[in-house]
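See the structures that follow.
The two complexes that follow have subunit A in common; it is paired with subunit B in the first and with subunit C in the second.
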Partner chain A sequence: MMRGLSRNGWVLGLVGLLILLLIVTKLIQPSFGASGLESVTRAALPFAFATAATAVVVIAGGIDLSVAAMMAVVGVTAAVLMEGAGVTQTWLVVLAVLALGAAMGALNGALVVATRLPDIVVTLAMSFVWEGVALLILKAPGGAATPWLREVILGPIAPGPVVSLIPKSLVVLAVLLMLVWLPLRRSRLGLSIYAIGSDATAAFRSGVSIGATRVAAYAIAGVLVAMGGLSVTLSTGIGEPIPGPYLLAAVAAVVLGGVVLGGGRGGLLGPIVAVFILRIVRLDLTLLSVDPNVTTIVEGTIMAVVVMLGGILAVRGRRA
Partner chain B sequence: MTDAAADAPILDAQGVSKRFGAVVALRDASLRVRRGEVVALMGANGAGKSTLVKILTGALRRDGGTLRIRGRDQSFGSPGAARRGGLVPVYQEPSLIPDLDLDENLRLGGTPREPFHHWVRELGIPDPPMDDPIRHLPLATLRILDLARALASEPDVLLLDEMTAALPTDLVERVLKVVREQADAGRSVIYISHRFAEISQLCDRATVLRDGATVGDLPIEPGVEEKIVTLMLGAALSPAQARAREATGPATTGTPRLRVRGLAAGTKLADVSFDLHKGEVLGVVALEGQGQDELFDALAGFRRPGGGTIEIDGQPQSFRHPADAIAAGLTLVPGDRAEALLSSRSVRENIAVPYVARPRHWGPIAMRREGAQVAQAIERLQIDTRAQGEVRRLSGGNQQKVTIARWIAGGVQTLLLFDPTRGIDVRTKRQIYALVRDLAAQGASVLFYTSELGEIQAACDRVVVIFNGRVVDVLDAQDADEPMLMRAAYGLTAREVRA
Partner chain C sequence: MSMAADQPSPAARIGRFLRDNPVVTLLILLALLVLLLQVLRPGIVNERWIGNTVKFAIPLAMLAACQTLTMLTGGIDLSASVVATIAAFVVATQEPQVGTGLAIVLSLLPAVLIGLVNGFGVGICRVHPLIMTLGTGLIGTGCLQVYQRGVIATGSVVPASLEWLGTGRTWGMPNALVLFVPFAVILLLAQRRTGFGRLLYAIGANENAARLSGVRAWQVYFGLYVLSALIAGVAGLLYVGLIKAPSLSLAEPLLLPSVAAAVIGGTSIFGGRGSYSGTIVGALILTVLNTLLTLLQMPEGARRIIFGGIILAVTALYARLTDQG
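And then the complex of A and B:
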């Protein structure tokens, strides 16, 4: 139990911060309730998937700067193929774009492994490639998401006093992330991903195949990216070929969530909670009608302060 | 099984070669290990031990030669493949994953639990913390866990690289006992160590490498140490290079330029004391990892000492930053040239950097004066400046000359040279020795660590030998021929002294 506490201290702190922010929100805007929560969660969905994807790659010791561009590719592909699609075809499209995400991610990873260039260089280059691909598929916003599938992430899970507080999008997010993350965390592949990020030489000597593990990490990130791209199309109803502001927000949430840039440390829960913290800070500042330019300054300051505080606490903890 | 089969080598490497670019790491290395044998793999620094170990365990591919395991030709493409082939190494640096806990590390490596726990108990760590990240554990514990993990996979051939280097004495005893039991149970061990005492206690045979080739294979018997030392040195036993030197050495009385007392740093540097006088070149000799890196880092202000004092001209010093050491007149030329140079800038900028970087020189750079000083240094060192636009395009020897030239241009009081001639050609080496002597003649003091023992007589006045983080011998350079230094470096003359 103590072990769990000390290991997850960071995440617990973030959860505490999140609760505090929700209370602050309620104080600023007493009418904040189920519908407010629903819209925050739905808006956070693409950010959360982008963050999860980034977290996996960063834990493996890499970084993927093409996350937002790949989301655009998936989003427009889904919108084009879903226009007027029936039930079977819709599900086929979902499966196809998940596979597309995995393939794009695997290609990123394979290029990093084959060229031996830094991850940041390869994925920056690929972000331009994917941006171009998205525009080739759809020149201007268009296509359509299958309406009944959109319902999956819209509104509360059921009418009623308590359950109506839980938005469907939150359930979808939790279920999908657990489907990807829990088996991974328990598998040898998951350990290998942590291992290559932690110490590639030691991992190699422990018999881990560095190249294959790296490609797998990027591919898994690609699947999460595809979920993110789908969620954009489902929540807006059309495909948007220009990448959204997901890349830097995802890196920010990953860092705030306790994943160490450089690899080997951290999990998925922290970054996801961090996504919600950053979204709600933004909401609160909007509710307080703070100048949007000042908003970004406040967000940046919060990140720097929280991460620095974490560093200081970690050093203290080690000395104690 | 017939006697012949029992006596057949389980591992037989013949004529193994490996080059890295232009550098030949192994020319003709051979190693044969029979069942139930503990074989010591010996060689001076740079003889090719680590390269051979990496090839045997699949971390590197060989260019030539054969490797037969149990009589069958083998090529291991990865450490995992070598492991499955029954060859399990424990490297000098722990190969457990620092951010995973022990439980996860065992799962990652597919280590069977029961045998692992059996071995950690045998090795004296009965209750290892299973769910602390590995990075929180002390080095000695890590090495034991690494060994227990290797033993748990029941290797046919266990490869131990400097296994006892970071261990306290009681753990060393347990390790030696366990290794001996392995051999008695019919398994084989390749044992790399700088400690003759352990080798004579533990090993059946010693295979000696020199310059990438196997030069001897001897049974361990009383008096074998001398033979091994002779083999490790080889032709280098020829008379030392003659050097014209002033009849009177530098004055070794009065206040020394640099006085070090009881210096300790990190886990390796325990207690080192010496005096370095004005106009003196003091050699430092040590086997790999005896604390010399920590010594130079502490003197250059890269690392805070854990104890002891550093005095310059009688003034106690405490360095918080390399700039403090430079301000006190101590300048380091690191062993790794890449650490010292701005590789994509010009020769001129590289030489001028320490001069320009002084806070007092903020503001415009006096280009003409700088140019004159730089030109003088280039001339004096005979740096080949055909590729002077970018330092990284120079040859290794010329790069090294640039790292020294930068300190000469600014005028130097005390120069700390860490293996300055590693990997450079003979002609350039000679130029560097001459330069070091020149500097000393002009009153500079030089601390000169080298992994090539012949350089002591070529460049130094006196030499301190460090073993296990302590000074074990101080010699006049003229008396310090290679066999004597080699014996001292292996701790064979066990007397603790002060220089």
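And then the complex of A and C:
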């Protein structure tokens, strides 16, 4: 009961912080409105999907260091296949890369299970492999995203005084995450994922198949990663074979969002809110015309301080 | 003792032998790789080649020392490559202004600072080392970029002494061994024979047990992460002498191989098991592997795939062999 309360308290606190940051942004830049919100959300899309993917694996007691590399593979595959594609072909490509993401994730998970090595080691090695695959598909940035599909994440949902404040990308993000997460959370599989992350031995003795659950968790993360990779290609318009800075940001957002490294606790809402907090902090610093390099330092410091505070609180909690 | 233990199967016996002597397994693997290289390109393995391989393996082995030491306590130091890069960049930009000696001291100051922050985060705030060192690495990179703006006019010179150490040879063997051999011996002795070394194993094996036995774990973490950062800094100085061109991402490509070298060398990422001797051979194996892949003229993408695949296969095989019996 107390644990549930404190977890919800954490997410509520994050939402409060997010609102505070939005107000601060409005104060810094009075003209900040629909278009500013839209560009922040669009830029946050890949980070949000990467974070969701990381969260699922971390809840299952693992960690996936190959998230950014897999996003690169999906991004270049989509860009190469979408170049000059018609409507039907584009949808086929979308389905294909989602399947590709699931397959890559499942392979990661299967290797973790089969080799019985720590997740960190396996996914670190696989990040080399996926980086290599992306480079084999496209040596330099190239390909093209289907223009009309790019419109799906561009602009507000509709013109109008209030609805224009809601960007399409936010709706896309919310719908896709809910499509994956809500059925999962309520299913036997979702429960098993929390169970193996919390205590693998206990889960095994309660009849949960640890290996299959772990592979499934990685595969679901792979689908989310594929969405992230697609969103990178859609927002930039081309495929980029070098992995972006998504891994570190995703891990930071997951921790900030209240998912415990080691597994078994946390949800998806906290990490997603954390992604937006980190993006808006970055935006505010840019609006204050801080040197982008100093922005990196500030961002890193915030991340480090947050995880350190989280650590101290956890230690206190254990003593009390 | 049961009958099975008295008469183990041959596989189990080999497994036990390999578990007790992990370095032997690795040396066999290294020999096989060198043999493969010699078969593919007869005559390539000569004194000059060996010197070169050792020369490139040494900075890697030193960075891998950071990983080995931190992994003994169940940690990892992902800021090591950033620390090495900072040390290299600072020494090269300060050299024209303050001279070699002072430049080296100045270059190791950020290392100590980052080590202290890591120690504080891991030891006192109990943050997972992976997150903590990723974070300090990010902050360090940002600081380095700001610093670069400030010294853009001064230009950079790699100190002659570091160049001698990094690239020079004496009787065919790289001069870097002058630094590395004592370093490795001290580290190996420190791991096994000093109180600090044993505390690392104790904390890695069971931190609560160590704590209850009166170990002040936070002090050990502070010492460990400062030591790790200092080693990384020195590795950076050596590496800039080898590469001779300081850049903002100098040691970055060494980070993942340094983790791989420690893991291949039999250090458990969960803590409590491992030794630096395995790591040294691991670094040699990775360097030879890199030569092999360059020689086969693989495209960059295929090289990375093979690199990752081999790390995974070797680690899995090795874990399987040593867990038997």
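Convention: the second predicted complex is superposed on the first by the 296 of 320 C-alpha atoms of A that agree within 3 Å, B and C clash if a C-alpha of one lies under 4 Å from a C-alpha of the other, contacts with A are read in each partner's own complex, and residues count from 1 in each chain.
Convention: a residue touches a chain if its C-beta (ideal position, glycine included) is under 8 Å from a C-beta of that chain, and two chains touch if they have at least 3 such contacts.
It should be emphasised that the depicted structure is a prediction, and the values quoted were computed from it without experimental measurement.
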Residue contacts with subunit A in the superposition, subunit B compared against subunit C: C
Contacts of A:Ser192 with subunit B and subunit C, given as first, second, both or neither: first
Which superposed partner A:Leu124 touches (first subunit B, second subunit C, both, neither): second
First (subunit B), second (subunit C), both or neither touched by A:Gly311: second
First, second, both or neither for A:Leu21, with subunit B first and subunit C second: neither
Subunit B partner contacts - residues on subunit A that touch it in the complex: 3, 188, 191-192, 194-195, 197-199, 201-209, 264-265, 318
Contacting residues of subunit A [partner subunit C, same complex]: 63, 111, 114-118, 120-122, 124-129, 131-137, 139, 248, 251-252, 255, 261, 291, 293-297, 299-301, 303-304, 307-312, 314-315
Residue ranges of subunit B touching subunit A (in the complex, touch as defined): 59, 78-80, 83, 89, 91, 93-100, 104-105, 107-110, 131, 136
Footprint of subunit A on subunit C - complex, ascending: 76, 117, 120-121, 124-128, 130-132, 134-136, 138-139, 141-143, 145-146, 149, 256, 259-260, 263, 269-270, 299-309, 311-312, 315-316, 319-320
